[in-house]
Structure formats: C-alpha cells, structure tokens
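Each of the next two complexes has chain A plus one other chain: chain B in the first, chain C in the second.
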Partner chain A sequence: MKRYTKERLWDALVSCIAIFLGLIIVFPVIYCILGAFKTPAEFASPVLLPKSFAYLENFRNALHQAPLLRYMVNSFITAFAGSFIRLAMAVCAAFALTHYDFRGKKLCFFFLLGTMMMPGDTLLMANYATVSRLGLLNSYLGMIIVSFVSASQMFLLRQKFLSFPKALRHAAMLDGCGDLRYLLTILLPLCRGTLTTLFVQSFLSLWNAYLWPLMVTASAPDMRTIMVGITKLNSWEDTNYELVLAGVTISLIPSFVLFALMRRNLNKDNTDGSLNG
Partner chain B sequence: MKLNAKQQKNLKILGFLAPILIFSILFVYYPFCRNLINSLYAVSDKGELLRFVGLDNFRSVFSRRDFRQFFANTLLLTAINVPVTLFLTILLGRLAMKKRRLSPVYETMFALPMSISMSAAAMIFKSMFSPTLGCVNAWLGLKLGWFESRDTALYTCVILTVWMGIGFDYLLFQSAFRGIPREILEAADLDGTGFFTRLFKIELPLISPTVFYVLCTNAVLALMTSGPMILITQGGPSRSTGTLMYMMYASGFGSSNYSLAAVVSLVAFCLTFGLTLLSFLFERKKVFYQ
Partner chain C sequence: MKKLFSLVLVLSLLLSGCGGAAPAETAPVQTAAPETTEAAATEPVLGSAPVNLTFWHSASDEAGVLMDKYIAEFNASNPYGITVKGIYQGQYSDATTLLKTLLSAENYSELPDVMQMDATGKMAYVNSGKAFTTQDALAAYPQPGFLEDYLPTALTNWQFAGTQLGLPFATSTTVTYYNADLLSAAGWDKAPDTFADISALYADLTAAGRTEKVLQTIPNSPTLANWLGQLGSYLVNNRNGADGVATALDCVDSGALETFLTAWKAMYDSGALLNEGSSSDLFISGGVAVMTGSSSNVHSILTKVDGAFEVGVAPYLRVNADAAYGAGVSGSCVVMFDSGDSLRKAAAWEFVKYLTSAEVQADFAAGTGYIPAHKGAMDTAVYQDLIAQYPQYAVAYQQLMDTPETITSVTVGPSKDFYYAVMQGVSDMLEYDQTPAEAAEILEDELTMLLEDYLRSNS
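Our next item is the complex of A and B:
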C-alpha cells in the first residue's frame, strides 16, 4: 500500500516535470500564435498575452500583402501530387521486388537503396540545372519531380509485403485474380495503415519543404508555396514581426492537422517500421 | 505477335520497376555524376562544360578563406548539435517511457516541433531573438544581438536546429525505451538496482543501436544545415554562420559558379557518406534487437 502511494506521487512529479519541459519546447509555437494577435505597441512590451484575441488586423494585413491562400493551394497541390506519385512508385517497386523472381532483382534492390546514400541537399544544384534544362522551372511538376523516389518507403513496403503468407497469393491466383487486381484489391487494402502513415509523413515533409520550392519558383511569385511565401512577408529594413507571425500562424494550421493525423496513425498501428520513414 | 507467358511477365516487371528506376537515375545518380564532372571542369555560368581542369577546382576552393571558415563552422555546429540533441531526446524519451495518465499531453508537446517547417521556425526564432522586440532579451534583461553578432550567431542557429530535431528523435527513443523487454526490467527491480545503475548499465546498453542510429542520422542532418543561414543570417555576420550547404546554395544559385558548388557538395557528401552507411547498419541492428 505504502509503495503504491509512493509510486503515484513519483508519477505525478515526473508528469509535472515532463509538462514543464513540454511547455518550454512548444513555447516558440505559443509565442507565435499569441504574437499574431498583438498590436505593434503590445508587441514591443515584454508581456506575453495580447489584450484581446479580437485584434485580427495582422491576419488581414498578411493576407492583403501576399496571396497566402493562393500559396496554400500551391502547397496543397504539390504536396498531394508529390506524395501520391512517390507512394505509387514505391508500391510498384516493392510489389515487383517481392512477388516476382527475375535476373538482377538483387541489383535493382540495392540500386534503389543506394539512392539513400546521397543526401538530397548535395544534389540540389545539379538537379536545379536539370529541371531548368527540361523547362520545368516555375511549374508544379518541377516543384515535385525531384522527390518522386523514396527508397525508404519502398523498403518499408517491401517488408510489409513480405509479411503476408504466400498462400494468400496462391489462393487469389486460383480464383483467377491477376497480379494487378491482387495488388489493388487485396494487398493494398490490407496495408492501409502503413500506406496512410507513409502518405501523411511525406505530405507533411513536402508541405514543409522550403529550399527546393524557393529555388524552382524564384522567378514566379504566383507559384510560391506557403512556406516560401511566409518568408517574403518581412524585409530586413522593415520588420513587422506581428504581421510575419500572423502569416506563420496561418501556415501552421495545416501542419498541425497533419501532425494530429500522424499521431493518431502512429498510435493505431504502433509498428516499429512506421517510425522510420 | 502474341507474347508468351515469360515475355508477359518480364513486361509486367518492367512496368512496375521502370518509373522508380528512371527517376532515381535522373534525379539521384545523374546529378551525383554531374557533380563529379563539374568539379573537374571549368563550367560556364549557363552550366556548359568549358574545359577539363583536373583538380584545379579543388585546389582553388580549398585555398579560399571563406571555404575554410564555412567548413570549420559546419563541423563546430555539428559537434554541438549532436551531443545536445542526443542528451535532450534521451532525457525526454526516458521521461515518457512509462505510460501515465498525462502521457498524451506531454508526448504531443515533445513531438510537436517535428511538424513545424524550417521556414516557419526560422521566422519565429528570428522574432523571439530579435535584439529590440524579442521576448528573450526582454525577459533575460539582455541586449544581445543573438543573430546579429558574430560571437553568438552560430550558437543561436544551433538552438534553432536542435529545436527542429527534437520531435522525431524523441519519438525514436521513446519507442526504444518502451521496447526493452519487461522481464529484464522486472529482474533489475527485484535485485533492487538503483535508478542510475539501471539507466546506465541496463537500459542505455539495450537501446544502444537506437542511440548510434540517432547519432549518425543527426550528424548527417547537422552537416547539411543551411536553412537558418539562408533564412536569417545569410552566412553572416562576417561569415560566422556560413556552412558548406549554404556555400553551395550561395555559389550555385546565387552566383552561378557551378564548379564551386559541385566541389562543395562533393566535400559535404564525403563527410556524410560514412555516417549514412553506419546509420544503415545500426538501423538493421535496431530492428533485430526489438
């Protein structure tokens, strides 16, 4: 009995410490949201809370100064199409590598894994040259074309596919189910959890991408993504932080939704693999 | 002509694998080779090869003062970032190991930074650390120009990059701690093992593959840092925050010096290659242990 109360006290203490640390970690986000509601005078004073949350001038100005909603749409289109194509390619590759035997299978597998050895950032300049030669600058396709290949997704899906018994496929084949139909109607529905996790993860990473969209859309302000757009709200001479923070707050809303989706998925199928995408 | 079964099968395999293979050649292997070639040639500002110059590009880049400074900055940033991130995320992962009633609350808070983009975070930190309007100076009673003075700028960038990395690494450690077999921990409890002995002699050795994995992936990420520099400091003040990747971006995209950009990116690649290989190894082990 005594030991039990001691443990409960200990748990309460640890929870308090954890929440305190958690508050420090999320502080920048809180600061950003609160700052977005402040008047310039309030922002100059060190008080954390704004007087009222009805002061929406910053949001209005931010939306007025740059077409943030248009940028959101750009971000959404590129993130959605990019994640979809990436996942589709990974699924096809993983299926071929697990369900067929052919010469050079090992080679293909390691060839794809080899792409993970090269950090994407080191290839940016060379890829920029390629994309500009293909005439894809300032286009949606140009913004996503370099992120189609994901060896880690392919690898995870391969593991997942291998975990299904061979008998499943034999049974489907006996029923006259072709390869493509087997993939689309049997295998993929069974992997729904993994697929959702991978899709949300890659959507979030494309949504949050900064450097590549910045380079590709440099000469077409209309094509900017939201994450590039919010950085153009401030200039060095005239830093209107409330305005910038309002723009950032707007851009964070979809990020939070994705984050919530991702956490729900991770809790649902807490497999080791889904964390390593 | 009717295809026989074998040809049909091969055609299917080709259909499944061709897209990903083509794109990995076009946007991973080709640019890598292109970097190799560009680094050995004089390249025009339109990206055409002018003439073969051998290792001259490397020689001229290595003798540049700014390159040496940026190289040193990159290593310094990594040397601070990696241990700090490891310490923090192991601490957070261990705190969150046991499931408690408030777990969902603090787990969400710990993981939140992973959903924030570099550009949003940079904007927020820039305003927090602003010398006149920021809350950090106001609350600490300081007048530091965090991002503006050459003594503090790099360290302020490290604060930002550490913050960015916390969420994901913490999740890895949390699941590693939770993956430790229960029997082992119960045995330790029965033996009356103290908390720190238990942590250092039992738990950390058991999750060591995760520790090394996070160490390697984190070092790779830190060596690739360019966001805070592009967004906030422009490599300044007086080159104190420039990194290799910032230099590649600035020389290639800013001034169209493609051979310089190629050399810098090859140097960065060599720095990370070993680490990436090692992280693969540890990832295998990690899966094996659990």
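Our next item is the complex of A and C:
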C-alpha cells in the first residue's frame, strides 16, 4: 500500500513537471492568440488577457492589408509538395544506404552528413544563381527545389531502417516480394510514426520559410507565401504587434489542422508480429 | 530496382551538395551613361507606345495600402500609357538582400525599373553598375530648378559623392516624446533638452516619490551619428560616407566620441537611463517619462496612449548645452535602374516624379505621419489639416529645417554590423563599468575592423 502511494505521488510529480514544461512551450502560441484580440492600447499594458474576444479589428485589418488567404494557398502548395518530395527522396536514399552494398557507400553517407553542417544562409546566393540559371525563378518548383533533399531526414530514416532485422527482408523475398513491394507494403507501413513526424516537421519548416520564397518570386507577387504576407503587416518604424499576431494566428490554423489529422499516426511505429505467420 | 534506388541516392547527393557551388562572380561596376539631350530627342517619346514598369517597394501596414492606391491612381491617370506593377519585396533589408543577390547572379533582367530603398541599400545601388540616378534623369530630361522644390536635408540624405541618387519618398527624423503628466508630477513645465536634463528630471521625479525611469534606449549607428553631428563631428570620414566610401572613423581624434560616451555614462550613473533597447511599449504604458523615436510615430503613439496621459513632442535630445539642435533624416527614397530601354527609363522618371510630387507627399504624410519632402506639400489643404489636428507634427518639420549639415545619416558598407557594434559597445560600457576612454578605444577597434573587412572584400 505504501509502495502504491509512493508510485502515485511520483506519477503526480512527473505529470506536474510535464504540464509545467508543456505550458512553457505552448505559452508563445497562447500569447500570440490572446494578443491578436487586443486593442493597441491594451497591447501596451502588461495584462495577459484581452478585454474582449469579440474585438476582431486586428483580423479584419490583417486580411485587408495583405492577401493572406491567397498566400496561405501558396504556402500550402509549396509546403505539401516540398515535404512529400523531400520524404520520398529521403526514403529512397535511406533504402539504398541500408539495403544495398556498393563502392563508396560510407563516403556517400558521410558526405550527406557533411551537408548538415552547412548553415542555410551561406547557400542563399549560390542557390539563387543555380535556380536562376535553370530558369525556375517565379515558379513553385523554384521555391521548393532547394528543399528536396534533407540530409537529416535521410539520416533518421537510415537509422530507422537499420533497426529492422534482415530476416524481415529475407522472409519477404522468399514470399516473392521485390524491393519496391517490400518497401511500399512492408517497410514503410512499419515506419508510419517516423514518416509522419518527418512530414509534419518538414511541412512546418517549409510553411515558415521566408527569405527564399521571397527572393525566388521577386517578379511574381501572387506566388508569395504567408510569411511574406505577415511582414506586410509590420509597420516601418513602429511596433504594431497586435496586427502581426493576428496574421500569425491566421497562419497557425493549417498547422493545427495538419497536426490534428496526423496526430494519430505519430506513435504508429510497430514491428510486433511482422515476422509471424 | 537496385539501379533505381542508387540513381535516387546519387541525385540526392548531387542536390544536397548543390548549395556548395562557388558563388557567382560579382557584377562588374558600371555607371549608367547619362543620356544627352540630343540622344533623348532622337529616341521614342513617351506616349508613342504603352510601357510596363516594375516597382519594388517595402511599404507595409498602412503605408502599403497607400502605396497600392498611388500605383493604381498613376496607372489610371498618366497620359502616356504607363502601367506600373508594384511588388512588395519584404522589409528594406530583405529587398536589399534580394538586390545584392540578383546583382551577384548577374540576373539583370529581374531588376526593377524603380525601387524604394532605405540607407541599407544605398551602397548596393551605388555599386550595382545599373543605377539610373536622379542626376542622370535630370541630365536626360532637363528641368531647371527641379530639385529646389525638395527639402535640402532630405535630398542630401540620398546623395553619394555629390550625385543625387534618388528622390526622398518617406522622410522622417528623430524627435523626443515626453509624458507631460509625469513631467508635471516632477514639477517640470518644459521638455528635457539635454542629457543633463534627463538626469535632473530623474532626480526631481524621485524626489516627488515617483519610481519611473526617464529614458530607455541604447544608441545605434544612426543615433550615434546624430549625437556626434550635434558636436560638430561625423561618425566616419568622407562626411559620414556621403562624399565617398567611408574608410575610417572621424570621431575619435576630435574627441567627440569620448565626449558623447562621457555624457551618456553620466546619465546612466544618475539612474535616469535604462540600458535596454528602445521600445515605445514602456513609454506608452507610462514606465518611462521620455523616449526618442521616429517623427512618423506621432499618430500611432497617440492612438496607443489613448488619452492615458498627455503626449508632448520636442526637438531631439542634445548631448550637452553646447551641442547643436537637430537629427538626421531617416526613411526611404525611390531610385531607378538602367533597363537599357529609353522609353522605360523615361516612364520610370515620370513615376518617380509622381510619387514625390506635392500631392502624393501630402497625402502620404496625412496617412502615415512622414514629413513631406516636397516643399509644395506644406501648402496643401491635406497637410494643413494634419498640422491643425496634430500640432506635434510641426516639431519634426521645423527640426529638419534647422538641422546643420554635420548631422547626416551614415553610409557605410557593413551598415547592419555597424548598427549592432555601436549598440554593443555603448551597452557594454555601462554594463561592465568601462571608462568612456576605454569604451571609445574598444568601439574604435571594432568599427575600424568592420570598415577594413568591408574594404578588403570589396576592393
């Protein structure tokens, strides 16, 4: 009985710490949403809650001053397509690195890891020159082509694929399963959690991209993304955070929806029973 | 199948490394040859064919709405069949980054005909080799006395080595805002004028039982240039980089930097100053009695204060009683690029003249709070109404007229690094209790190194 009480107390303590840490992480989002309902005068005061959640002027102004809905569609297209292609490339590369033996395999792997050390900003001008010479400026392809390959995703998937026993592939091959079928019908379904996590992470990073989409669409304002739209709400020499926060709140909606839809898949990695029967 | 996967892997390797390619060579510096009057006469004239122009701007928030309006009005009203496509290119620094990248990639076809830029883009424009300056335009389409219609200080801000690069569009200066109620509580019936006044005001506030500080700010390169200018010195040589590329500091040997730092430290030591980045929020919430800020913020500050206290506007704080009054011009200008097409260049010049005309400048001032750079705007009903409603705006205009020539904005290559290095240097002096002489030496080393690095990589 005494041990049972001790365990319950321990659980309660861990839960409290987890909730506290969770609140710290979620607080900026809460602050952003609450700030979007504040008047300029309210925003200058240190009070956290707005006087009324019926004050929608910031949202109205945000939608008036920048075509945020149009920009959201562009962001969705680039984030979705970019994430999908990036994941497909990572899956193929990770499969090759884990299931085939070829000369220079280790070198390839370390070269991939090496690209993770390069800060993105240093590649800006070189990437622009490349995309410009490929004639991909002012196109969706130009906006996402530089994000097709993610060394970190390849690395994570490689480690995941390595965690499966070789017997799994041998068993599949004995049953007449080729590499493509093995990958699509056996391996990937077993990695659903990892794939979902990588997709969500990639989607959010592409959704939040600012400078690259801005530069690549210099002559195509209709192709601008939501983050560019949010800077359009920012005043030159003044701080009008409430308007910016309204724009950010609007931009958060698709991310929330995506997370809600994919949440169930996030912990679906499972190999139990894969070698039975 | 193995081949397919291997192919994708190879492709991935190539793409993941594509960013490592050597950057494109920098575009060679060219200067747009000014067209002669004779040459212009033989070229197609405006109105003979429709012209499409691209205009990059950084107008956001209310200014963005107004900019869209001006573009639409110009497209509808100009008699030459000119159609301007306005494209928002992010904040000024983003637009400058884009410009530098385009030039670096030699992708000149993407350059706009007209661009709005602030001081961060000035050197990139000068070195672009594709500049079609206001000076070039005035040589190609002579209009005697044209520049006399603009405020001299606003014009000077957009000159380099004696060349008028562009025309001022959004013009502002820095003024002092004060909480008149707090000042009254301390027994003051006038705004503080010097750093010593800030310290005295703090002493009076404390004596009156108030706990508020007086000022919250850390100087950056533009504000430091203002204060050094009041002391008759420039921050960097070549008249703060206006007459040529800045190669060295100009405020050390004259002692102006140390004089400023001494006065700044005295203000901090008195307890009046918060060594934190400037923000209007603390002033608006009544946390500090005084703030320095852009003159364009009058309307916004009044709206945010919402009658909680009386807001006063006064000329920019002076370093000491011997210093001159005034502050440099900030804001943005509109510049043109040489497209190589004489019709487009002529059309771009028409659009620039329109954006900087008295009517547009007055309307823009009424909508945003910027100072109209065109003298004719002062006489318009729109601007007169603005001054009648917000007399605080008149202070900025008068200050701009009184500002001496030594107070001019800083043009340096590493403008962003300069900005933060000055903040860091002055803030560290207070935080680590350095003497003004020590801080001046550290700042000198840091800023000189930035200038030398820039000159080395751009020589």
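The definition used in the following text is that the second predicted complex is superposed on the first by the 194 of 277 C-alpha atoms of A that agree within 3 Å, B and C clash if a C-alpha of one lies under 4 Å from a C-alpha of the other, contacts with A are read in each partner's own complex, and residues count from 1 in each chain.
Keep this in mind: a residue touches a chain if its C-beta (ideal position, glycine included) is under 8 Å from a C-beta of that chain, and two chains touch if they have at least 3 such contacts.
Since this is a predicted model, take the numbers as computed values, not measurements.
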Which of chain B and chain C A:89 touches, first, second, both or neither: both
First (chain B), second (chain C), both or neither touched by A:144: neither
Which partner reaches more residues of chain A (counting touched residues only), chain B or chain C: B
Chain B versus chain C as contact partner of A:228, first or second or both or neither: both
Which superposed partner A:111 touches (first chain B, second chain C, both, neither): both
Which superposed partner A:19 touches (first chain B, second chain C, both, neither): first
Contacts of A:119 with chain B and chain C, given as first, second, both or neither: first
Touching partner for A:208 - first (chain B), second (chain C), both, neither: first
Partner chain in contact with A:11 - chain B first, chain C second, else both or neither: first
First, second, both or neither for A:243, with chain B first and chain C second: second
Intersection of the chain A residues that touch chain B with those that touch chain C: 43-44, 46, 89-90, 92-93, 95-97, 100, 102, 108, 111-112, 115, 118, 122-130, 133, 145-146, 148-149, 151, 154, 179, 210-211, 214-215, 228, 231, 234, 239
Chain B contact footprint on chain A (complex, rising order): 11, 14-15, 17-19, 21-23, 25-26, 28-29, 31-32, 35, 43-44, 46, 48, 89-90, 92-93, 95-97, 100, 102, 108, 111-112, 114-119, 121-130, 133, 145-146, 148-149, 151, 154, 179, 204, 207-211, 214-215, 227-228, 230-231, 234, 239, 241, 244-245, 247-248, 251-252, 255-256, 258-259, 262-263, 266, 270, 272-273, 275-276
Touch list for chain B against partner chain A, complex: 9-10, 12-13, 15-17, 19-21, 23-24, 26-32, 34-35, 38, 47, 92, 95-96, 98, 100-102, 105-106, 108-125, 127-128, 130, 133, 135, 138-139, 163, 166, 171-172, 175, 179, 220, 224, 226-227, 230-231, 245, 248-249, 252-253, 258, 261-262, 265-266, 268-269, 272-273, 276-277, 280, 283, 286-287, 290
Chain C to chain A touching residues, read off their complex: 1-2, 4-6, 8-9, 11-13, 15-24, 54, 56, 58-65, 87-91, 94, 97-98, 100-102, 104-105, 107, 110, 170, 172, 279-281, 284-285, 293-294, 296-297, 300, 303-306, 308, 330
In the complex with chain C, residue positions of chain A that touch it: 39-41, 43-46, 64-66, 89-90, 92-93, 95-97, 99-100, 102, 108, 111-112, 115, 118, 122-130, 132-133, 137, 145-146, 148-149, 151, 154, 178-180, 210-211, 214-215, 218-219, 221, 224, 228, 231-240, 243
